[in-house]
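Scrolling down, you'll hit the structures one after another.
The two complexes that follow have subunit A in common; it is paired with subunit B in the first and with subunit C in the second.
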Partner chain A sequence: MSKLITLIIDDKQVEAKEGERLLWVALDNGIYIPHLCDLRMARRTVASCRLCFVEIEGLPNPVTSCTQTVSEGMVVRTRSPRVDRLLRTGFELLLSNHRLHCAKCAKNKRCELQKIAKERGLKLKLTRLRQLVKEAQIDESPGVFCYDSSKCVLCGRCIWADQEQVKVGAIGFIRRGIGRKVATFEDGLLADSICTQCEACVKICPVGAFYLKEDERKPYKIKKEC
Partner chain B sequence: MDPSADEQELIRAAVGTVLQDLGIERASLIPILQGVQNRLGYLPSLAMRQVAEALQLPEVEVFGVGTFYNQFRLNPPGKHQIKVCMGTACHMMGGHIILESFERRLSILEGETTPDREYSLERVACVGCCALAPVVVVDDNVEARVSPIRVDGILLTFDIERQQEERQEKREEGREP
Partner chain C sequence: MNSVSPAIEQAYQLLRAEAQQKTEILKEKPVILLGTATCGRAAGAMSVLAAFQDEIAKHQLDVVLRETGCMGHCYAEPLAAIFKKGFPPLYYGSLDEGKARRLVNDYLVNDDPCYEFAMVALEPNDFFPTFDDYPRGIYEKRIILADCGLIDPEDIDHYLARDGYSALAKALTSDPAWLIEEIKTSKLRGRGGAGFPTGIKWEACKNAHGAPKYVICNADEGDPGAFVDRALLESNPHQLLEGLAIAAYAVGAKQCYIYVRSEYPLAIKRLKTALEQSTARGLLGQNVLDSGFNLEIRLFQGSGAFVCGEETALITSIEGHAGIPNHRPPYPATAGLHGKPTVINNVKTLSYIPHIIRNGASWFTSIGTPNSPGTAVFALAGKVVSTGLAEVPMGTSLRHLIYDVGNGIKDDKKFKAVQIGGPSGGCLPESSLDLTIDFDSLQQAGAMMGSGGMVVLDEDDCMVEIARFFLDFTQKESCGKCTFCRLGTKQMLDILTGITEGRGREQDIDLLWDLAEDIKLGSLCGLGKTSPNPVLTTIRYFRPEYEAHIREGRCPALMCKSLISYHIEPDLCSKLCNVCIGSCPVEAIYTRPDMLKGIYPDKCVKCNSCMVACPPQYKAVVKLSPPAPESPVGERGSEVEQANNPDH
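Now for the complex of A and B:
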């Protein structure tokens, strides 16, 4: 049993269990911090998306809140010019490798990237970088869902779901650098792999990379809002 | 291209020996793959599956490691190994055009081997003679200032060599009985 401590996030006093990860303490208390790669249930924090930076009093540089554990008397700021700058750059880097076509995307309005953009006043557009992915690369082989690697932001959530949650082990990261992607053994179709089509990856994917086929046809409903 | 029964046997034996030497710890995955590649010259699909099973890892995890590191190759080395330099100087002098020429002529992509295992094609980063850019290393010979025409020339030489060998063999066979 860990003891309760108090800390201050954005002038708000909050209680938490000692040693909890700051990101989740903030989110539980209604304070938003952008994040993609960390999962509350995961044993290991990968800290690969680099979006969850915060400033902590006494520390010289911003830190990723998903790797930072809370302690008594900690004073946290979720916004500062430095934090905002790190987020802006990190976010644009992710967008540059994400095929943007929100209006027709199955995850439109439920996308984590859209949420981050809205919360932090960022544009879903590239201003300083070139778009890396241009064409859709869609695996439609599973029965009810698809996998479009051109939308994947490499957060690794689906791999956690596949390997740790449902313990199938059909997908993982392959290659590296610009060729890095989520794929099956030998980069084949999902239907030809050991994938059981349990849809755990679809539920956990924060963007439109894993999506239900039925959602793809829906977007016309929201037309009038645009 | 599926390996023949003989090859499968060879692969199984090689992986078996390596696993015996190095154990089946998750932490030894890279040394194990290195050992397998040392014995077989590459990491066949079957070997990766076998390693995954022994280490109780998802197959894709082993494939992920095999594709992450440059030192691992997933295709058998060809009889003739072609390495196209993509270092800065060669890149500036059109190394990618040379690579493309090879890809087109051999109908394989970089990192692959022709189905007859005559040629394998790779890209390398700087072989240390930038003044000769663009450079291609064919087997152990450095080819300097390569042009697409030279690509045809290199492959033609090998083709002729092979035809001669085949003719020679036929002649010998004819003499034997």
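Now for the complex of A and C:
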């Protein structure tokens, strides 16, 4: 698997190890592809955020670069009308279920959604779709951080960090469909769970769902239901 | 291999001879076969069964009464076949307790076959027409449904006596590579919906590295309006077990799973019985038919998630996790259950296997179309006269299927569309009626073979509402893992609900179309990728209906409650009848001074009761769309009131 191969991403010749995931090959070579859910260290790609689409010569449809392994002579385009359209729709869908609150958000200017919008020239507001956000329920029970499920984009990174990295197992996905969310067992408070408050989830969260209390700009004017 | 083959053949012949001897004795007596599959039970088969038992006991008759599965004619359930020496074997449909008692009294005791109750004869005779005398019989060609309803699914001897398990005996004496080659030559395509060539799947699994290998039968039939797999499991479970065993032998698997949804309790019961019986006869389990081949088949009950019909979700479900799909590749054929090579086939696909092995690949390719050989089984439902199961060769046109096999539209209404393939499929309009059915033609038209559900819609069905209904289903059944399916279906559903409730905006149709295309391309699994099909096909073929909802606030089919109002025609109302007033649950109907009836629009909940209640000779209740701003009758009523009572 360690054989070196060359491929072309956006007219740039790139060297990579055979079998590596295309997303990380591109990122390592300074070529940005929007992404939220994939982690370099994860054993299996979840492919759930559906933002990292690229076009590969010879394939009829855009593919997610996190699931695509590189091979010799592969020709990749990270931008095309179809890729841009899929990203625009996928991004707007995520925004439609994300409480837009940038100015007061703890992750302002460090948010992956803001980065994607900046890189691809997308608006951080809804242009076509309706806002679906559920009521914000902020869990402030841990000592130094908070969990705001209305900001969560369900990328699952925190669950990976919790279960695979620090091996605690305090959080996981519950429910399904539009009701799917990251929560503790029986959807209780983090402080009441087996959470060790190691902050691994805070470090890995790409948006403002898990954030440090010290980063909070101004107190939220939202009724806290804890 | 050759040294073992006589032993296998011998062991099988012995079993079959025993079974045939047993069933031969039965033929001496009158036999009643009563369909007690779920469709029959819903129509009251169990009380008919009790009536038969009671009446037979009363007359102390020596009659064999057996419960069988579904004969495919669900519209005529409860359905029984009666065999008596000296008479043609006859089907009796729409039975009730009274008819059951009369059949015993008049036919079994007194030799009058009650032709007035008979539906059709099973064999050509001089007295009564057979299926071949009806259009349905001409277009139908039964392979996997052939024995359904004619054998007792809980008695393995019935299946054995009809050469059941002979394909397994033949397979065990052959080389697995030959079996795969035979299935590849037969061009059998997966009947689960997508139509992937079964032989190629088997070959990929056989050649994949890793052991043990698994074969899984996907019996998680969740589409609204589809019931083919259920009927097969309830009517002929051994056919499936035989196919599963052949598949396992061909790919080198020793363990199989049948993933059956727990909403099919009767299917599970009959499958369990079938598994016990075939294991007891040495057709499954250790050393199958003395060939040295071991096979274990386990039942796994799904817990009700539609998405578990998707193969990667099905695998994670068996592994003990929440049923959530994973990205493909790797395909299950190379890395499936517990990361091992796994073949997943649908109930229908596996049910074809014994027939192909028994009759040869060339026999199979002689049926149907070159690229989709064989037959297709459809579950006819909706506004068609003869609902039920129909097995027709691929390449039959929709028109023949609906008008000849299904006997046309109920109540002589006008055909509007046919919804094929459940929530993953699409609605095809009248102009597509001459489309010949096979995997490729349906896909081109925007629909899908799916699980064989075929819902016929007539002029009273609103296409926007149909799209909303199916999207409501997929949205609720989305696992929520990927962005496009979780949020995209929700957004589309909100837009469609808005349109059916009169809140549609001009740009909504284009937005729906764009979203649908992106969800189709961007979703992770088959559920998301196919969920926009009902929306895409209804916009493609019925765009004017969407426009009528949005621009005029009018539902052309008078179905969307927010866009209609009820009204009583003064010219048609009889004045003297008060049926509508009695039927109204919310007291919205009143009697005017001139005795005509009126409806308060603000009180009316549009439950349709008055329309049903109004006697057919008047038909005075009508629906209006767009809704009348104020009840015209109410207005006129008050005018009349004023005219009659000048004091007010």
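What we mean here is this: the second predicted complex is superposed on the first by the 213 of 226 C-alpha atoms of A that agree within 3 Å, B and C clash if a C-alpha of one lies under 4 Å from a C-alpha of the other, contacts with A are read in each partner's own complex, and residues count from 1 in each chain.
Simple rule for what comes next: contacts are C-beta pairs under 8 Å (C-beta built on N, C-alpha and C of every residue); 3 or more make two chains touch, one makes a residue touch a chain.
Everything quoted here is computed from the prediction, not taken from an experiment.
In the superposed model, C is the one of subunit B and subunit C that contacts more residues of subunit A.
By the document's definition of touching, of the two partners only subunit C reaches A:P62; subunit B does not.
In the superposition on chain A, A:R176 makes contact with both subunit B and subunit C.
Once the two complexes are laid over each other on the shared chain, residue contacts for A:L22 go to neither subunit B nor subunit C.
In the superposed model, A:V83 makes contact with neither subunit B nor subunit C. With both structures placed on the common chain, the touch criterion links A:L132 to subunit C but leaves subunit B unconnected.
Of the two partner chains placed by the overlay, neither subunit B nor subunit C lies in contact with A:I9. Shared-chain residue A:V207: touches no atom of subunit B or subunit C. Of the two partner chains placed by the overlay, neither subunit B nor subunit C lies in contact with A:I33. In the superposition on chain A, A:L190 makes contact with neither subunit B nor subunit C.
On subunit A, the surface touched by subunit B in one complex and the surface touched by subunit C in the other have residues 173, 175-176 in common. Only residues 44-51, 53, 61-62, 64, 67, 82, 85-86, 89-90, 93-94, 96-97, 128-130, 132, 154, 173, 175-180 of subunit A touch subunit C when the two sit together in their complex.
Residues of subunit C that touch subunit A in their complex: 305, 322, 324, 326-327, 329, 475-484, 486-488, 490-491, 494, 511, 514-515, 518, 521-524. Against subunit A, the residues of subunit B that register as touching in their complex are 45, 48-49, 57-61, 63-64, 67-68. Residues of subunit A touching subunit B in their complex: 163, 168-176, 183-187, 193-194.
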